[in-house]
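What follows is subunit A paired twice: with subunit B in the first complex and subunit C in the second.
Up next is the complex of A and B:
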């Protein structure tokens, strides 16, 4: 170990500087977005105000007037929250059965669920539009919730399964001895024990729902339109509205980035289906 | 209740929902891909309602294969996906190795680095194509104009003026143009997904055998050979997983392409499907089936890989 520590002081300093440079470089576009959001639309495109300018909150205060931000934000919150809750409600019993009462088919079932995630969304674009329109569900919260829940259900079940698997079977079986029924087992033993895992699964599911940008754009127009749709609809301001567009964009991604910081570790598990540890 | 029935009952809601979600729309796509089905056609109004009597066999597939957009869309899809994969894996490995050893502020750098991953695709595209890459008003335009101005000023200085007068006037690149919009998409998605690769490689590096490394150091192995013969083989599996997961996500890229150029010269398969779906549903469905086949080729490898570690 002595040799490692000795290796070179300058090398370590150089490495730290380089690491910081890389981190700042990757964060720079987000910093730039936030910085631009405090400039007026006129200042935002002037080179002389690149870094030094009179900051203004105008863009944030006028978000409702300019973009009707809160309506889209409310839709994003409603659809993401309900989709997450429903995904958990369906996913928890399923993952419970898979983890504690596995059968020979469990592995295949898990793989099949994962494979549904790999179906390219665009391939079923028209049938989905056709179905939602003919059922009168186009541009409704209900439809967005159902779709968001379904596209995230495989990941939710996988994540829950990997968490539940870690819980010793004996604890659950002890509950059975005491004559608790299945629902009681899930509610009184499993959920309190796996609370951390369930919370991070929910968080990740919520983030994925919030950022979803295919179905939320194609299956809505105004009523159930989410923030993805709002930003997509204002895609090319040609420099006219850089300030206000930055503000609404920052407001759309800010909360999620902060949430994301809290579930970095779970992200690895959730996205690699437990294959990288 | 018997031991066998109970798990089935608990699993059935999830299974039934996913089964419907998978089978109903996909079988409709399959059906539409074999019939003539258009949304508007004044001369042949019978084609505007899906019906088995409009059977076209493999006609839609033939039509799609012969359209010049299709081959281009496949090429472009592959160009975009492969470039992103290459860049994210290379950058991801380098950055993960760089920040894996502890240094002051490691936690903060991690947080800074992971942030792009949580930016929603629509914001990512709007931010890059406008505020950063716009050839006049974005950072790129401003930077290029600044360089040109500085160079022009230096031309008149004595001594070094002669050197700078050899410099050309730089032109900013318009990333909304036909040839360049794919590069804009590659850039923004690489920015977003490199953090993902870094995160996974870092997780994996933490389980690297430290004793082996120390032994290598004692044997006088150089930093490069440690990386080449210990770290890189250790990362083999995570790299494969990052490649496959990203391939699946990026084969269905849509928002970025729509926002950057409205697919102008930069179509990929999902975009082409969207275009066909404005009128020619038969062709859109046939293209969809091709997209499913392409995704499945990737998916089979991924599922095999994940399946191996599943019940450990």
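Up next is the complex of A and C:
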């Protein structure tokens, strides 16, 4: 008995050390980024100033004064929020139908949707650019929202489908017997029951939209440009201005890290307890 | 009103036909029980009536109205599921109110019916709890409450007591039967338990492989089973089915005799055998007897406590008026 307890104690310590090591490994680049953002461009490239330097807010002040950070940030918020809302508006009914009214083609359809994620984005760069320009939608919020929604829709539907599958079919059937129509089933039963799953899907979709760079960089210039475009614009080919670039990057990823930090607990919740047996 | 008629209803899943053409009428106010071994299509049939499964062909009529193409929500039926299927995010009160809210009933009327249902189902103290905080029996009561407040034209029960323990099951069985006596609403009840079927039904529908083997009152099925399957399925312990020489003496392919229609003696009798296991229930004793040709072991039921030892040589005598005869196809011969 004692031996078992002893060895599991060492096991716990080992696991804790491993977890911290992995955690630090992931955290280090962000820490580095934030650290560099408080250095001058000159200090940033000097190894002797790795940890010991005179911190400055110059990069951040510079960013808000010269590059209109807030406009880019607002665009990021607008496009990510709307793309997420629309992706859910389309994805929830879609995943509902697949989870509760499957047909013979449902599995193939799901696989096909996922396969679109395997297509290299570059393959459709020309048609997309041509299309947006000829429709007069280049550098508009609308276009960015539509593109962000479309590229995330397969993941959104897959995630929602997986969560909806967890809900016992009988609960939906009980709803049908109790006189609700399809919309009622979704609103009254499905959404409240899958709330945790929907929230984590929304969060993930939002993060993907926020971080998206390939299309937002290429389909915008100024009007609808997001923070990815701001980072891109500050990237000097010679590798200079590290401090400035770090400040821009930190300010771009900051909000999403904070959001994820606060939401992590809310995401882990299941509501289906006690529904059946 | 709740007269339910099935006309040539069939159901296939892909190329597998689970219900071949089937005709059945359940009269208004009847308590019909669909009983059969698992996989016999009884639940599927109930789901076709509910509308949760589409009939592949044929018609479902409720009060002479063809509802085959009508969605479950518009058929005016209420269903109680084996897994209770309560809404876990709603309190008991909200669960019960749900169908009424969906029907657009006034708040006062809803409250009145919730109170009445809660009183009759002993749920008054639990109205503000969530389903997760209730026991299995209480959850099933909530499911029944949710069904009765709607005033449906018929209740459908899909093995509602299977998840409950034995003692609770007997109690709930009585409650549902009493509810039927009180309400006189049509009820269709699916079970694999023939005791539930016998004790609750006015009409039992015995199913095997999607085919109706016999429809009748519990005692009709007990006394005059139409074939060997029904004879063996209805009654507990099972009817002894005897083939071979003993059956031929009676001019039949198979004869059946229920355990309660056999008498036992250690001195004389018609059939000789040796005692195997004896099961003492107090009120009855089930004795399994080996060595009788064509039926091994043969079970007999003796009232009270009868003591025979394992290996004792005994004689069994059937009550001649209670022998059931079946032909080579398994059909009853008069």
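In the analysis below, the second predicted complex is superposed on the first by the 213 of 277 C-alpha atoms of A that agree within 3 Å, B and C clash if a C-alpha of one lies under 4 Å from a C-alpha of the other, contacts with A are read in each partner's own complex, and residues count from 1 in each chain.
By definition in this document, a contact is a pair of C-beta atoms (placed from the backbone, for glycine too) under 8 Å apart; a residue touches a chain by one contact, two chains touch by 3 or more.
Predicted, not measured: the structure shown is a model, and the values here were computed from it.
In the superposition on chain A, the chain among subunit B and subunit C reaching more residues of subunit A is B.
By the touch criterion defined above, A:77 reaches neither subunit B nor subunit C.
Look at A:85: by the touch rule set out above, it reaches neither subunit B nor subunit C.
Judged by the touch definition given at the top, the superposed model places A:15 against subunit B, while subunit C stays out of reach. By the touch criterion defined above, A:214 lies against subunit B but remains apart from subunit C after alignment on the C-alpha atoms of chain A. In the superposition on chain A, the residues of subunit A contacting both subunit B and subunit C are 271-277.
Of all residues in subunit C, those touching subunit A in their complex are 50-52, 71-74, 77-79, 81-89, 98-99, 102-103, 130-134, 136, 139, 146, 150, 163. Those residues of subunit B that touch subunit A in the shared complex are 3-4, 6-8, 10-11, 13-15, 17-18, 21-22, 24-26, 28-29, 32, 95, 98-99, 101, 103-106, 108-123, 125-132, 134, 136-137, 139, 142, 145-146, 191, 194-196, 199-200, 203-204, 207, 214, 217-218, 237-238, 241, 245, 248, 251-252, 254-255, 258-259, 269-270, 273-274, 277, 281, 284-285, 288-289, 291-292, 294-296, 298-299, 302-303, 305-307, 309-311. Residues 168, 170-171, 173-181, 184, 188-189, 192-193, 271-277 of subunit A touch subunit C in their complex.
Those residues of subunit A that touch subunit B in the shared complex are 1, 3-4, 12, 15-16, 18-20, 22-24, 26-27, 29-30, 32-33, 36, 45, 47, 50, 90-91, 93-94, 96-98, 101-103, 107, 109-111, 113-131, 150, 153-154, 157, 182, 207, 210-211, 213-214, 217-218, 227-229, 231-232, 234-237, 239, 242, 245-246, 249, 252-253, 256-257, 259-261, 264-265, 267-268, 271-277.
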